[in-house]
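A single structure is presented below for examination.
Note that the chains take the letters A, B and C in the order they are written out, and that residue 1 is the start of every chain.
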C-alpha cells in the first residue's frame, strides 16, 4: 500500500491535463513570472513537500516558508509578497489571492466530473419519480414517490430521497444521506450521512407528560449550497427552514427547525443553530459554535470558534466567548482571567 | 418550484379535515370566543404571516405581536392575555397553554398516520424475524435474525435492525438508522442516521498499548421515547444503557455506555452524556451541553445550553457555565467577567 | 421483555467458556487469592449488583464499594488495595490494573468472533473488487470498483465502500458507514454511520462568492484503529489525513482535512479537530474538545473535556478551559471566577 504518492492517487482521482503554464495563467487569471516558459507542461498538483518538476504547488501561508524554500515543484502559485521569500528558482505564478487561484486551478485539473449516467442495478426508483436526463442513481439508493430530479444529478449508494422531494440540476447527494420534505436548488452537494428534512424538535409539556407537536414545514435549500457529512437540517414546524444560495456547511452541523440562513455563509464543523434563528448573508460561524433560539445574526457577522451566542448580533459585528461578547472584549476578559489564574491562591 | 405555500405542502403532508371550530375547541379543550361560529370550517394550519381565512394559526409568543396584528387567519389559538393584543378580529381560541393546544390541533389535522403496511420489494427480512401485523418495511431495510417487531411498526428505507433486537408496537425507525443490541418500547421514534447499540467506548491502557474492553450490555428504551437524527446511544459495557419512557432527544446527541436516564427528560441538539451518568426524571438539558462521566443529575434539574457539567446536580437545581455552577452564580460571573473585559488594559 | 438479565443477553452475545478460575488467572496474569479453588467454573461476566455465584465481576472504583460489599459474584477482579474493602468472602483475583485484567477476561468469554463468511444475498459487489478469503459482506452493502478487502473483513449491512478503497485484514465496517478515498490498515473497526474520506471543507472567497477548492487527498488509517459511530474524517485537500495505529475515537468525532494524528491517542465523544492540526502519540482528548486549525499538539498531552484549544500544546502538557490554559491555571481561574460570582452585586 503506497502511502506517499507524488501527485494524487489514481485510484481515487481522474486527472485532466496536462496544461501548459500559459493556459493555467490565463484561466486562473494569475501573473506568470517574466521569462517563464509558457509552454511548460504541468501534469498535476501536489503539496510543496512532495511536488516534482511536473507539478504545480501553492504557497499561501508564511508558516510553510521552509517547504517553499525546499520544494521541487515545477511551478508555485503564490502572492507577490510571499514570492519574495527564498526558494529554488521554481517558476512563480503570482495572484492577489493565491488560495483562490489554486482552487480554480485545482478544479481545472480535477473537475467535478459528471459520473457515467444511468440507474444502476440495485437502485430502487419509484415509478412515479421523474428522473432528469443524465442522472446517475447508484445501487441501494431509494427514490420515493413523485420525487423530481433535475438533469445530471448523482444520487449515491444507499442514499434515500423521500416522497415528493425536488432536487435541481447537477446536484449530488452522497452515500447514505437521507432527504425528505425538502426542495433543493441546482448544483447542491449533500455529504454522506447527512439528514435533511427530519422532524423538528418541538417538545411541548402537557398534562400527561411531554408531547411532540406535528412538524409540518419543509427545508428549502438554494443553488450551490454545500452541506458536509453527518449534518442535520430539520424541516420547519409551520413554515420552512431555509438555507440561502452558496452557503457552505462543514460536517456535523445542526440546523434546527425554522432557521433562516442567508447567502454565502460559512458554518465550520460541529456548529449548531437552535430553532427560529435568522442569519443574514456572508456570516462566518466558527467550529463548535452554538447559537440560541430565536436570535438574529446580522449580515457579515463573524463568530469565533466554540462561542455560545445568547443575544442578537449586529451586521458586521465580530463576537467570541461563552456567552459571546464583542471579540476585543472577549480577548480582554481572557487576559484578565489568565491573570487571576496565575496568582497563587492566598 | 413554489416556495411560499399558504398551508402545508401537499407533496409532503396528508391533511385530514376540515374540522369545525366547535370540533376543534372540544377536542383541544380550548375556549371559543363568545359569538364565534361553531360551524366555521377550518381546512388547515399555517403561520400567522401566510394564513388565510380557512386556516387556524397560533400566537403564543409576544415577539410575534406584529404578525398577530396583521394576520388573515380565520382563527387563532392564543392565551387569554395575549389575546388582548390588537388584531384583525380573527376568532380566538384561548387556552391556558396555547402551544400545547396548538400541538394537539396539529396532530388532529396531521395524525402520525399509519403508512400502508407491507414488506416492500428490496427489503431484506431474515426468515427468523417475527414481524407484527400491519408493519411496513421499506426498500433496502435490513431486518436481522430473530428480530421481533410489534404490530404497526415502520422500518424506513435502508434502516438496519441487528439480530435479536425487539421493537414495540407502533414504533418508527427512520431511514438509514442502525439499531443493534437493543430493546425498544412501544411508540418509539428513532430519527434518520441514528445509531443505537453501538459499542461503548471502553478504552483501557495495557502493557502493549490501548485495548478496548468487550462491551456486553444492551440499550433499553422506554415507551414513547423520541430520538432525533444522527444521534449515538451506546450499549452498556456490563449492564445496560437506559432511556426512560417519554424522554425526547434532539439531533446529534451522544449517550455513552451505562448512562441511565429517567422519564420525561429533554435533551437539545448536540448534547452529550459521558459514561455511567445517572439522570433523574423531568430533566431539561440544553443544546451542546456536556456532562462528565459517573455524575448524578437529580430529577427536574435544568442545565443551560453549552454548559460543561463536572459535578453532581441536585434535584430541581438549575445550573449553567463551564464548569457549570448554580445559574445565578453563573450570571454574576458573566457580569463580573464582562466588567473586567470592558476596562481598557492599564 | 426481560430487562434485568443476570449475565449477558443471549440474543446478542455468544458466550465462550466456562473457564476455571485457574485458567482465568493464568490467561489474564492476575493473582488468585490463597486457598481459592482453581477448578471453580466461571460461566459469565456480570456487574457486581446482578452477578451470581457462577459469575466473575470487577471492582476497580471505590465509588462501587457498597456494591462490592453486597455482591454475590463467585469471583471478583480487583486491586490489592481495593480488595481490602469489606465484602462477602467472594474469591478475589488481584491485578495491578483490574480494569485491564477485566478487559482481557471479557475478550476471553466474548471474543470478537469471526462472523460466518460469505457474500450475502442483496450485497452489491463490483466485479472488479478483490474480496479476501473469509470476508463477510452483509445485505445492502455496496463495494465499489477496484476495492481491495483483506482476509476476514466484515462489511456490515448498507455500508458503502467507494471505488479504489483498500481495507486490511480482519477489519470491520459497521452498518450504514461510508468509506471513500481511503486506505485502512488491519484490524480497524469503523462504527455505524461514520463517514471516512468525505470532501474536506476548503472554502475560498472569490470574486463572485464562495467556492470550494477541489479536495484531492486521501485518508490513511493505521492498524488497530477504532472509530466510533457517526464520526466524520475528511480526506486531505492536497496530501493526506492520517490516523496513527492503535488510536481510538469515540462517537461523533470530527477530524478535518490534513489532520495528522499519531499512535495510541484517545478522542472522547464529540471532540473536533480543525484542518491541518498535527497531534503526537499518546494524546488524550476529552469529550467535546475543539482544537483550532494548524496547531501542534505534542505527544502525551492531555486536554480536559470541553476545552477550546487555540494555541500549540507542548509534549506532556495538560490543559483545560476555553481558551485552554495549563490545567492548574484553569482550576485557579475557575476558583477565582466562582468567587466573583458568589459576591452579591454591589
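Here, a contact is a pair of C-beta atoms (placed from the backbone, for glycine too) under 8 Å apart; a residue touches a chain by one contact, two chains touch by 3 or more.
Source: prediction; values computed, not measured.
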Same vs different contact residues, chain B with chain C, by half of numbers used: different
Angle, in degrees to the nearest 5, of the Cα rotation that carries chain A onto chain C: 120
Where chain B and chain C are represented by their mean Cα positions, the distance between them in whole Å: 28
Contacts with 2+ other chains: residues of chain C: 140, 158, 176, 193, 230, 252, 270, 288, 322, 337
Chain C residues touching chain A - in the complex, by the definition given at the top: 124, 140, 142, 144, 146, 158, 160, 162-164, 166, 176-178, 180-181, 183, 193-195, 198-199, 201-206, 209-214, 216-218, 220, 230-232, 234, 238-240, 252, 254, 256, 270, 272, 274, 288, 290, 292, 294, 308, 310, 322-323, 325, 329-330, 332-333, 335-337
Complex contacts: residues of chain A adjacent to chain C: 1, 3, 8-9, 11-13, 45-47, 49-50, 57-58, 61, 63, 97, 99-100, 102-104, 106-107, 109-110, 112, 121-122, 138-140, 156-158, 174-176, 189, 191-193, 224, 226, 228-230, 246, 248, 250-252, 263-264, 266, 268-270, 287-288, 305-306, 322, 334, 337-338, 340-345
